[in-house]
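Here chain A shows up in two complexes: once beside chain B, once beside chain C.
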Partner chain A sequence: MAIYIYGIINSNEGIDRLVNGLEGSHVYNIPYHDIGAAVSNFHPDTKEFDERINRSHIFVHERVVEKLIERFTVLPARFFTIFYKKEDVLSVMKNLYGDFRRNLDRLHNKVEFGLKVIWPGEKIRKNIIDFHSQRYSLAVPMPDNPSLKNFIRERYVQYKLDREIEELADSFAGVIDDFFRGFAHEKKLEKLKTKNLLLSAYYLVDKESQDDLKKAFERLKKKLHGFMYLLSGPWPPYNFIIQTKKPHSVKNAGKINISSKIFQKRIFSDILD
Partner chain B sequence: MDNVLLKSKDITLLEVLDRVLDKGVIISGDIIISLANVDLIYLGLKVLLSSVETMERLRGAAIISPMQEPN
Partner chain C sequence: MTMNKKVETDSPEAFIEEREKYQDVLPKRINVDPKNADKGLARLFLTLLELIRKLLEKQAMRRIEGGSLSEEEVEGIGEALMKLENKIKELKEIFGLKDEELNLNLGPLGDLM
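And then the complex of A and B:
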């Protein structure tokens, strides 16, 4: 038997009959001081489980965490965190108690929202080239060799183009962020992770401020046309957990031999085809 | 809702995978499932874009770029 962990909660009390876990298992609490680990017993023949793990297991994990967050502050655990002995779970909780407690206090009554802003990267690049490439003259002595000269020019234009796109992205990201910064306790902004993904942002807000965030989002859409926006949430605060202490390794904990490629194919099969 | 869908299945797939597989508290020191070779963003963006485009088509609205004047 194994113990599967869904998350750490700010309660040491029972959570029986709140929600079912992986493969219909019963979710319960393993208390440690004033906190607990929401877990379920799991009977993996590891080799067999390697072969049957799929997307539905991931959604069940998320569903359990979302159910827990209705009643508790939750630090969601990464998918497939398992231990084989209750003593090991308690040992880890003892080791990481300080981190858990600080995060639970900081994230109490807060939820996460995700915002993705998509722009037509290729079109923007082309427009910049069309309108501005002639400005990119290189005022330094150039070699006589024509191919070398072309090579240097191309690299220089590329450099200037990248700079222009980054500056444009910074500018738009700043404008977009202005709509939310007033009531977000914390945020994470990632720009241009791909050429089309202008901004991937995560905001941590009070549960009571969700409507304010949605209204700000509506104002953003009306004000800044021409982008595609995706707002998702409320989520448990996956992106805002700060761990200062590295968990120690527990013998045999959570070992599952599944390669990235096999997992990728199974989870993303319908998308990849 | 127009070009936004909260918790819609297709779009949420990426959002769930992004969080459950790659974020959250690390309790065990052991690597559980390595996703180092999975380009979630690339795959996700494919889902996102197709989902948004589908929604836009359903709305009958053209997708306009930041370089175009809005209708």
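And then the complex of A and C:
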């Protein structure tokens, strides 16, 4: 028998009958001081273990975490984190208690929202090329060799174009971020993950501020036309957990990281099914 | 338009398309299967080499933008970058690797290719 962990919570009390976990299992709390690990028992049949892992498990994991977050502050565990003994769970909680406690205090009563913005990247690039690239004159003496001269000129124009696009992206990202600045305790912004994905942002907000954030989103859409927007949440604070210490290795602790691709795609897969 | 209680967008397909562009840009694990070990390692090596080339090129263009280089210095920089680019192209052909196989998402630097 193994122990499947959903997350660390800010409670050492029982959580029986709150929600069912993977394969209908009973979710319970393993307490340590004033925190606990929300877990359920799991029976990995080693021969067919990998084959049993599917999207429904991801949804169950997510549902358990969301149920927990209604009542507690939760530090969600990565999908399919398992341990083979209760002592191993306690060992990790003992080893990382300081980190867990600090995160639980910081994230108390807060949720995460995600914002993505697509801009017309190709069109903007073309506009800059058509109307601005004439300004990219080289202020250095060029070599006589024509192929070398062309090579340098081409790379220089590309460099200036990329710089101009980055500056424009910074500018727009700043305008967009202004709409949410007032609500966010913390934020993470990533610009131009792709040519068209102008902004990918995560905001940590109080649970009570959720409606205000959604109203700000509506105002943003009215203000900046020609862009595409996606707002997701509320989520547990996946992107705001700060870990300063790594756990000591625990003998026979299993850690199967199916997570990223399958789990993150889940946000969109249930839209299209 | 709210697709479910968690996601609000009018353009789900557009966001899925963008996500798929950066989702798989990390090189696959090094293939240590004896038949393909060479190619797996070559891919990793050339990805890193291409990263260095791009960084050097960016630095060179900044210096050119600064306007303080002599003709000889510009020539030297240009020649070095050209040779490096050609050498990487050659190695890609030898190992049968395409440009898209050498991509990495570099965060603030954008996609490598």
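Going forward, the second predicted complex is superposed on the first by the 252 of 273 C-alpha atoms of A that agree within 3 Å, B and C clash if a C-alpha of one lies under 4 Å from a C-alpha of the other, contacts with A are read in each partner's own complex, and residues count from 1 in each chain.
FYI, a residue touches a chain if its C-beta (ideal position, glycine included) is under 8 Å from a C-beta of that chain, and two chains touch if they have at least 3 such contacts.
Every value quoted in this text rests on a predicted model; they were computed, and no experiment measured them.
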Partner chain in contact with A:Phe151 - chain B first, chain C second, else both or neither: second
Contact breadth on chain A, by residue count: chain C or chain B: B
Partner chain(s) touched by A:Lys67 [first = chain B, second = chain C, both, neither]: neither
A:Tyr159 touches, of chain B and chain C: first, second, both or neither? second
Contacts of A:Lys187 with chain B and chain C, given as first, second, both or neither: neither
Touching partner for A:Leu231 - first (chain B), second (chain C), both, neither: both
Which of chain B and chain C A:Lys110 touches, first, second, both or neither: neither
Chain C-contacting residues of chain A that also contact chain B: 116, 118, 193-194, 196-197, 217, 228-233, 235, 261, 264, 267-268, 271-272
Contact set on chain B toward chain A in their complex: 2-7, 11-13, 15-17, 19-30, 32-38, 41-43, 45-49, 52, 56, 63-68, 70
Residue ranges of chain C touching chain A (in the complex, touch as defined): 3-4, 6-16, 18-19, 21-23, 57-58, 60-62, 64-65, 67-71, 74-75, 77-79, 81-82, 105, 107-108, 110-111
Chain A to chain B touching residues, read off their complex: 5, 7-8, 37, 55, 58-59, 61-62, 75-83, 92, 96, 100, 103, 114, 116, 118-120, 123-124, 127, 172, 193-194, 196-197, 200, 217, 221, 225-233, 235-236, 238-239, 241, 243, 246-250, 253-256, 258, 260-261, 263-264, 267-268, 271-272
Partner chain C, residues of chain A touching it in the complex: 116, 118, 138-143, 145, 148, 151-152, 155-156, 159-160, 162, 190-197, 214, 217, 228-235, 261, 264-265, 267-268, 270-272
